[in-house]
Structures are given as structure tokens and as C-alpha cells.
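Going by the order they are written in, the chains are A, B, C, D, E and F; count residues from 1 in each one.
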Amino acid sequence: MAQPRILVINPNSTEAVTRAVDEALSCYADDAQIRCVTLKEGPPGIELQQHADSVIVPLGQLLKREEGNHDAFVLACYSDPGLHSLREQTKKPVLGIGECGLLTAMTMGHRVGVIAILRKSIPRHLRYIGAMGIGSRLAGERALEIGVVGLQDAQRTAQRMVEIGRQLRDDDGADVVVLGCAGMAAYREGLQQELGVPVVDPTQAAVGMAIARVRLGW
Amino acid sequence: MAQPRILVINPNSTEAVTRAVDEALSCYADDAQIRCVTLKEGPPGIELQQHADSVIVPLGQLLKREEGNHDAFVLACYSDPGLHSLREQTKKPVLGIGECGLLTAMTMGHRVGVIAILRKSIPRHLRYIGAMGIGSRLAGERALEIGVVGLQDAQRTAQRMVEIGRQLRDDDGADVVVLGCAGMAAYREGLQQELGVPVVDPTQAAVGMAIARVRLGW
Amino acid sequence: MAQPRILVINPNSTEAVTRAVDEALSCYADDAQIRCVTLKEGPPGIELQQHADSVIVPLGQLLKREEGNHDAFVLACYSDPGLHSLREQTKKPVLGIGECGLLTAMTMGHRVGVIAILRKSIPRHLRYIGAMGIGSRLAGERALEIGVVGLQDAQRTAQRMVEIGRQLRDDDGADVVVLGCAGMAAYREGLQQELGVPVVDPTQAAVGMAIARVRLGW
Amino acid sequence: MAQPRILVINPNSTEAVTRAVDEALSCYADDAQIRCVTLKEGPPGIELQQHADSVIVPLGQLLKREEGNHDAFVLACYSDPGLHSLREQTKKPVLGIGECGLLTAMTMGHRVGVIAILRKSIPRHLRYIGAMGIGSRLAGERALEIGVVGLQDAQRTAQRMVEIGRQLRDDDGADVVVLGCAGMAAYREGLQQELGVPVVDPTQAAVGMAIARVRLGW
Amino acid sequence: MAQPRILVINPNSTEAVTRAVDEALSCYADDAQIRCVTLKEGPPGIELQQHADSVIVPLGQLLKREEGNHDAFVLACYSDPGLHSLREQTKKPVLGIGECGLLTAMTMGHRVGVIAILRKSIPRHLRYIGAMGIGSRLAGERALEIGVVGLQDAQRTAQRMVEIGRQLRDDDGADVVVLGCAGMAAYREGLQQELGVPVVDPTQAAVGMAIARVRLGW
Amino acid sequence: MAQPRILVINPNSTEAVTRAVDEALSCYADDAQIRCVTLKEGPPGIELQQHADSVIVPLGQLLKREEGNHDAFVLACYSDPGLHSLREQTKKPVLGIGECGLLTAMTMGHRVGVIAILRKSIPRHLRYIGAMGIGSRLAGERALEIGVVGLQDAQRTAQRMVEIGRQLRDDDGADVVVLGCAGMAAYREGLQQELGVPVVDPTQAAVGMAIARVRLGW
């Protein structure tokens, strides 16, 4: 059988995020042909609902162009912008990393903690978790809230993740943690070791589910 | 005090819907200056998630142009497309008819029945009700499923609404019904008399809440 | 059209509360004829379930006397005592400030924080929120717990509200706050400025919804 | 140890109901001194929310008179009118048959079906189930809807109960049924045999829990 | 009538726990013949899911041997291991202390706090509370986390319970507390006095419900 | 990289089920080394809670023997017996088909319908769905109820599946269907074509998730 061809779309225009996503997926090198692309029409980051909503039409256009060349599509933004629009547009599997990250976490612990980048994204994420009907499994969501400069400093970001992760674990009772953002997989293992609870990179989770869906033909 | 100036936006491009919405709001003639506009970039109807998502950017542009001339904004589509994007864009009140229709119905009965036009819209509506966290108040949602031609025949539409309304009341236990669409207010009173339970036109509900919000300055 | 005639009933016997409610509704002066009355049979405050239950029969008698002269009725107590009894008694709209304050807040933020006066009222309020089916939207409820003397000191009350409001916002994640009591509207704007999130006075919210209901004839 | 003295209060004024309740509790003859009384101020039946609310003050007065002579109190009306008021008034256990009937049923099956007398009572019951937070365990509630005359005909009542019970079991998936009314225990065993699923008389359930509470001193 | 014969089974092999359970049930001495037995095949304590699952088959064998000599059965482990298996095996009532402790607490307060022995048991308990559908009534669960040696020191255990109980009451909003373990009844009254909210020993609660079930013949 | 070695365990002793499971997983032939084994200690089928509970200890022993030779483990019974016990026993991934089938279905539709073999299994499944906290996504569960002989007749089984699937789709509103049993994958595609909504074979879903988990090292 041919390997599944998975298109992973970073809906923001920041190439560094796309590269980080690409690296995180090297574990699937033997299983699938994975191609990671940047939505050049996207904003530098998806921080607001406006950002999320603004990328849906260009995502649809990208899907139209690429549909024939791939077997499944993964939206690499924790807010899963346009997920249901894209699903209407193609019969091939389209998966969102928010959805898959949370569902996968639900197989690894009972109470899921989420690490967001920004506090202002949390209500948006909570609306999504409500739409998914899994709110009773959420231990809590907390934000790094360190800004763009802070995020460029890998050591400071790692430190802050551990801080927030500990609050999720100790104050909110999380026994599994999801990184609420694409492109953070490099922090996953270190954070997991510090916290002693599983940490899920949602893009890795989604691509795994996408490969399976292609294999199964549904 | 000056009267509140409310802009009601029909996000589909069908003028007849805008006119029907306008007529339904004549009851507020003494209370507010209400202007109903059609989003010319919109599709003829919002049937799919793609339709809903496609209007968000043009809605934002419309809001930008009109923000200075109005005190509050009402999205006249039961799917409330772009509601949270628009709220980020302005400090003035933005209300959606889906949200306000359902919340208002919750003050008139315990179990809310929704009449949709199309069966394929129901999962989208259910995701929204999930995001709102009010799913336990939903008795059920059922679709007219009569197509564009059927909808142009007012008598047939009225008849079908009564049929569906009775199923919501008798089989699903609804004690209040929401019209899950803009521009159907003309059917409201007749349906209410047939069913013997309150029927809510969501646009009327939303404009009432918008006027109050302007008066209160929040 | 004649202006809606709204009767706002303070179910406790404290005239100062009725006056505070009346002042808070001056924003509707151009929209409706609003009359605020005190239930003279009520206790000085509704602190216990017994207080709430004890006013239902006299509220029904008041409604009977006043039904002909008004178009809608608002119960100005956050516990909405007798709401469903009164609704059975009249075909005109009867709205409770607890219900309307919470539902209105749900259009302004995703996670609602409530400021109660007394800790012992919280279980009663939570039962009500459970009955409304909106528990997943509650960030938390916290009490001022400063007693009657404290409440007479406006500065101390304002200060305490800010303290509690900050806990709701920062510890519980509230992005909108409801004043869980009638007659506190004077604190609303200051609190809102301190917190940076919307603050809802429930009586103002309920009267706005009542005016709309009269206009709509349902 | 002295036997627990349980006062069972029928909040409606129909002596026949009180007698039926008394007979149903004969099984506890060796365990407790049970006294069943009729609230003479009550309406003939608790059909409306108004009826339920109207009995709360007289129930409080009855409790005041009888508190010294009894160890625990059971409210023998499925709507549990005034339950939380009475609990505030005494440190002795006060139990409601609605609450105890449902909680006991939850130990006998997973999905609870409720047989109400009247359809119009169902929203009131659903509000209560919402307040209790057990809505996900409710399979459904259906009404006999046979009126006072029908209820006096025991054979017709039994027949109708079987009909409704079968709908709860087969259409709603109930695997345990609660009689949503006091004074119907005589039908319990026959109905249980017909349905093949456990049927709970809520007064019997509540008195059992009351006896235990007295024994335990909490 | 003959007294109900209740078999209380401690599924762990620690006789001291069985003795503690037995003493806690002396209050029912006039009401029932209660026999407490130790499952000799059980582990010293039920700490892990593996422990809980490992006792189900031997519990079924014990039930088979003892079924004829008793009228009802109580599983004296807060995790209710094998509850539904045992219910399939006999037509006589089988009650679990976890289930009955929580349901009884729901008649004594609105928000239930649970004191666990070990933090690692909490996800297991939460899964069970989810299966029961009562999660919205849970204020929180917190663990003593003091180990076997700590538990043997009664004074230290009592102290730690008060600490944890205060956190449940003050930080989580619990207005009733359940001891999340068998054999802790000796601490109940002291804890209740310290906290000022009701404290439920689940074994006492379950045996009370079991006696009633026998009396009622269902 | 070496291919993931997945052990799929059929906890019932019926070899035909194991063979059917094995065939259904041929789509993963290029991705993983999959070995399907029968738990010889298991009952012929898992119909009762007793059956599910009885296999947990032998499953643990099997896991102990096989842990070293495999990278991940899949429990091929929709009731996921012993899932949490096995997870405590090993650090390698253990996935249940019930859990993974439902979570995967949640990425393919909004309202999940489940086809059970036997009506008496439904309460057990509902308890599990409650424990998972996904009850609001369940459209309904209905049983084939055709017995062992009926199941051996493939044509009759397929027919009955279509019947039940249509009820789930039309009466319960399901837009995705899960086969609530292992070993039924052969019916999946035909059923999907008849219903026009996606149909999930839970074993296929679980093995896909297991392969991903091995690749990711968590």
C-alpha cells in the first residue's frame, strides 16, 4: 500500500512555527509522507477570534488546490479554525489539533490541563471545549502570558511551562497536560519529565489519527 | 435621551429576508432607530458552515464602516456567524439572534424546541448550543426540510411549521419554541396559537436585548 | 404606541433598596413607565430560603391587585422568589432579576462570576443555577460577607466588591461579573472600571428584557 | 434505644392520600414510630407551582409545633415543597420524597423513568431535577394525564401506569421507575411485575432514609 | 417481622478496618442483624484500580456462599468494587458505600467534598462520580496523603482530616463532606464539629439504605 | 525505525471473534506488527458486567507475560474491561476499543449512535460513557437483540444493523455510528453505504491510535 500523504497546514504565516511542527512529526517518517505548509495569507499568530476566523476562507482555497495531492489534512492551530467548513468541502479526513489533542489526552489521564500562550485565548478555547461536550474532563486552562519576546527565549519558556504545568497539576488536579498551541513539541518531553504526568503535543496526536483514518479509508 | 441606533445585519444576500426582518421589528418603532441591511457579499442563504464562515470577514468590514453611526449591532442569522470576532472589534454591543433567541426562550419555558430549515444545519446548531453550555435546556431541534420552493409557499411553510412544532411539543416535550432562522417572524403568532406554547422570533428577541444594552451603556 | 408599564417589585421591605432600584432604572425613562414598589409583607432582606419562600404568597396577592395596571412584572430579588408561581398566575411577562442577570451576562463573557452578599446564600443560588441548566457557564460565586453595618458604608462595600471581583476574575477565571443582589447598581460602573470586565446589574438587565417582551406582545 | 419518631407530612389536604401514605409505611412498623399527618391548610392536590409554594409557610408552622415530638420529618409530596426552608428551621433531618425517591432509584437502575400525574407538572419536576444535578440519569418523565375521576378508578389507573411505564422502559430506556406522586404505593408491586424493572415508591424510600438518619444522629 | 440480616463485606483483608466498620454500625443494633466480614482474598487496602478489580471475583464467590443467609449486602469500600457484577448475581439488594455515601450527602448539602486517603485514588473516584452522573454536585476531592504510618496515628489523622476538610469547605465551597474510605467513622463526629458542616460516613449511610430496602422488599 | 508491535487482546474465548478482529486490521499491514490473541480464560462473550469483571485478572496476567514483546496493547472488547488496571501495570500504551471508538467518532460527526448486540449491555455502556464525560455527544444506543443464532446469519445481522442504524440516524439524530462490539468490522462498509453516515469499527480506531502512541513514545 502507498503511504498516506498528509498535508499539515499551519494557518499562521510564521515559518518558524511550520518548521517546528515539521520537526515534531519526524517520528512518523516511516509511516507517512507528511508535508507541512504555511498559510501565507494568515496572520503571524492566531491570538484572537478574528485571527482564527480570518483564515477560514484562505484555508478553503488552499484545500481546494491541494485536495487531489493528499489523503488527509491536519489543521495545525489549537483553535481548529474552519475545521467544520473544511470537512464540508472534502470527503477526505480533516482533523484539527485542538480536537485530537484533547481527545488523545482523554486516553492518558482523567483530568486534562491545557497550557495556553495567552489568557485572552482561554474563553475561545472554552467555547470550543463546550461545543465538543467534554467540559467535565477539563481540569483547567492556564496561560504562559509571556509575550512574543518571552517565547523566543526557549529557557524562559520552558521554565514558565513548568510553572504553569505545576499549577494545573497541583491546584487544578490535572493528570495529563495538553500544549494548547502548535509548534511547542520541543518542550514536551522536558515538561513531562518535570511534571511526572503525560504531556500531549496536539499536532503529533492529530497526525497519528490522520494516518489511521487514511489506512482505514474512512 | 437620543434613541438607540441599532444596525441589524442580514448576513445573507437575500433582500427578501432583510425586508421580513425589518417588518418584524416595527414593534420597536417608538423605542429605537433600527436599520436593517443586507450583506451583499453573503451567499443567498446560510445553509452550511462554509456559508457561515465565509461572511465573517465581510461582516467585519461592514462593522468597521458602520460602527460610528450606530450604538449596537445585531447579527440576523440563527448561526451567529462571526459573533465573537465582531465583539473583539468594537466596544459597542454586538448580539446574535441565535444566542438571544435561545436565552430569551429560557425565560418562557423550561424545554426549548428549535425549528430549523434544514436537517444538515442541526449539527452546526448543536455545536453552538454546546458552546453556550445550555444543552440540558434543549428539548430537541427538528427541520422543516422543505427546500427553497417550499419556503416560498407561505401556506405550506406555515403548515409544516405546525407539524414540526407539534413533534417538538409532543414527542420532545418542548414548552417553548424558537424559530431557528431569521425572517420567519410572520409565522410566529399563528404557530403560537396552533401550538399553545410561546414561540420566539430570535431577531425580535435580540433587538430587544440590544436596545436595553444601549440604554444601560454596557 | 403607549409606553410599556413595568412594575418592579422589591420583595423585601427595605425602602432604601426599592429607591436604589428605582434610581438604577432611570436610564429607561424614555422607554417605559417604570414603577418600583416595596412588598411591605417582606422581611428586611432575603437572606435565607425561608425568607424567599415566605414572600411568595404576598407577591401573588400583590400581582393580583396590580395585574390590570401594568404590562410586565419584574421580581427585584436575585433569588427570584415565586417566579414560576407568578408566571402561572398571569399571561403577562414576569421576569426575575436572577434569571435575566445571568442570561444577559452570558452574552457579555464566557465565564460568569457572581458576587453574593452572604456566603449562606450561595447554595440556594447554586440550586437555582442548576435548575436553569447553566452551571457550566459559572466561573464561581463569592460573598462579600460584610454584614449590614458594612453594607451601609459605601466605600467599604465598594472596596470589598473590588476584592471579591478580582478573586472571581483571577482565581476563578470570570470574564463577566453579575451583582448577585438588587439595589447595588450604584457600584456597577466603578467596579467595572476596576476589574476591566463587564459588570451586570441584574435589575437593569431584567427591566430591559421586560420592555422588549411588552413590545413584542409575548 | 428508643425507636425513631418520624413525622410524615402530606402537604395537600386530601385525607385519602395521607391514609394511603400511612398504609404504605406499615413495613416500618417494627423500626419506627411513624405518624402521618395532613396539612389542613394545603390545597386538595399539589398540581401547580402555586400550590407547592402556598404550603411552605404553613409547613413551617406545622414543623414548629411538632419539632419537639419527632426525630425526623418527611415531606410526602414529590415536588418537595419548602424542603430547604424547613431544613433551615431545624437541626433534625428533613427529607423530601422527590429527592429520596430519585436518589434511591439511582441505586437500582441507571436510567430513571418518572410517572407524573399531570403533564403540566413536568417542567416543575425538571427544574428540580436540574437543581439536584442528576439530569443525565433521567430517562424521561411522562404523565398519566387521566384527571381526578380517572384516578379514583383504581383499575384504570393501574392500566394507565402500565402503559406509561412501558413507554418509559421501551421508548425512553428506563431501567427503574419512580412513582412521581405520594400515595400511589398500592400500585407499586403490580406495576413492577408488569414492567420487569424496579419501581420505587418515593415515600417509602424517604422514610427509610429518615430512619437511618435518626439512628446515625446526623 | 424478622430483623433484616445485612452482610457488610470489607473487600480488603485488614481486620482492623472490618472491626472499625462493625463498631460504626452499632447504632443499628436494634434495627438489624449486621454481620461484618473480611474478604480474606483481598489486598491489605484498595489503593489502585488493580486492587479494586482483583477483588471482584472473590466477592462474587463470597456472595454465592452467603446469599441464602442474608437479606442484603453492603460493599464496604468507597470504590464499590464489583457493585454491578454482584447486582447481576442476586435479586437481593446490594449497595455500595461510595454510591450511598455520596447520594446521602446530596440530601445534606449542595456541594459535596470528599476526603480521600491517597491522591492516586482520585481519578478512579472521579470516573465513578462521572458514571453516576453527579459530577456537578462535587465541590472537590482532596487526599490526606499521609501513608500507612500516618494513618495509624489517630491524632495526626484527625488533624489532617480537619486540614483537608477546611480546604474543601473554604477553597472548594463544600457544605457537606464524605469520608472517602471505609473504617473512618470514628473521626466523623469530631470532624463535623470542627468544620461546622455535616460529615457522612459512607458505610453508615449504606447500611441505613440497605435496611430500608429489605423492609420494602425491593 | 522498527515497526510498532501491537498486541490486540480479545478478552472473550471465541476464536472466531479474534479472527474477525485480525482481518479487520489488515489495513495496517505496512505500518505495524499486529498480533491478535484470544484470552483463553475468558467467557464465550462479554455480555454481563460479571463477564467483563471476570477477565480483568487474567488480562493482567497475559499483559505480564507479553509486556516485554510488544510496544502497545489494545483491549478488543467494547466494554474496555480492566482498562485502568492494565494502565497501572505498564508504562506502555494500553488502549480500549470502546474509548477509542467513541473518541474517534467524535471527530467524524456531532451526535454518536451506538449499535449494541444486547439491550442488557446498554446500562453498562452508559455508565462508561458517563465516566468518560461524553454523554452529551451520545445520540443514543440501541441493540440488535438477535441472539447468538441470529448473529451467525450474516445476512440477517447486516439487515438488522441497517434497521437499528436507521433508527439511530432518523429517530435519535445520530450523524456517526459506532459498532458497539469487537469483530463486526466486516459489516462496517455496507452499513455505512446504507446509512450515508460514517460508521466506526472501534478496533480499527483503537489500533490506529495505538500505532501513533508508539511512534510518539508516549
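Brief remarks on what is shown
Simple rule for what comes next: contacts are C-beta pairs under 8 Å (C-beta built on N, C-alpha and C of every residue); 3 or more make two chains touch, one makes a residue touch a chain.
Everything numeric here is computed off the predicted structure, so don't read it as measured data.
Touching chain A and chain B at once are the following chains: C, F. Distance from the chain C centre to the chain F centre is 51 Å, each centre being the mean of its Cα atoms.
Between chain B and chain F the centroid-to-centroid distance comes to 42 Å (mean Cα coordinates, whole Å).
In chain D, the residues touching two or more other chains are 127, 130, 132-133, 135-136. Pairs of chains meeting the touch criterion are A-B, A-C, A-E, A-F, B-C, B-D, B-F, C-D, C-E, D-E, D-F, E-F. Contact residues of chain B toward chain D in the complex are 109-111, 136, 173, 175. Taken together, the chain B residues at the contact with chain C in this complex read 1, 3, 27-31, 95, 99-100, 103-104, 106-108, 132-137, 188, 192, 198-201, 204-205, 207-209, 211-213, 215-218. Within the complex formed with chain D, the residues of chain F that make contact are 122-123, 126-127, 130, 135. Listing the residues of chain D that touch chain C in their complex gives 48-50, 53-54, 56-57, 60, 82, 84-85, 87-89, 124, 127-128, 130-133, 135.
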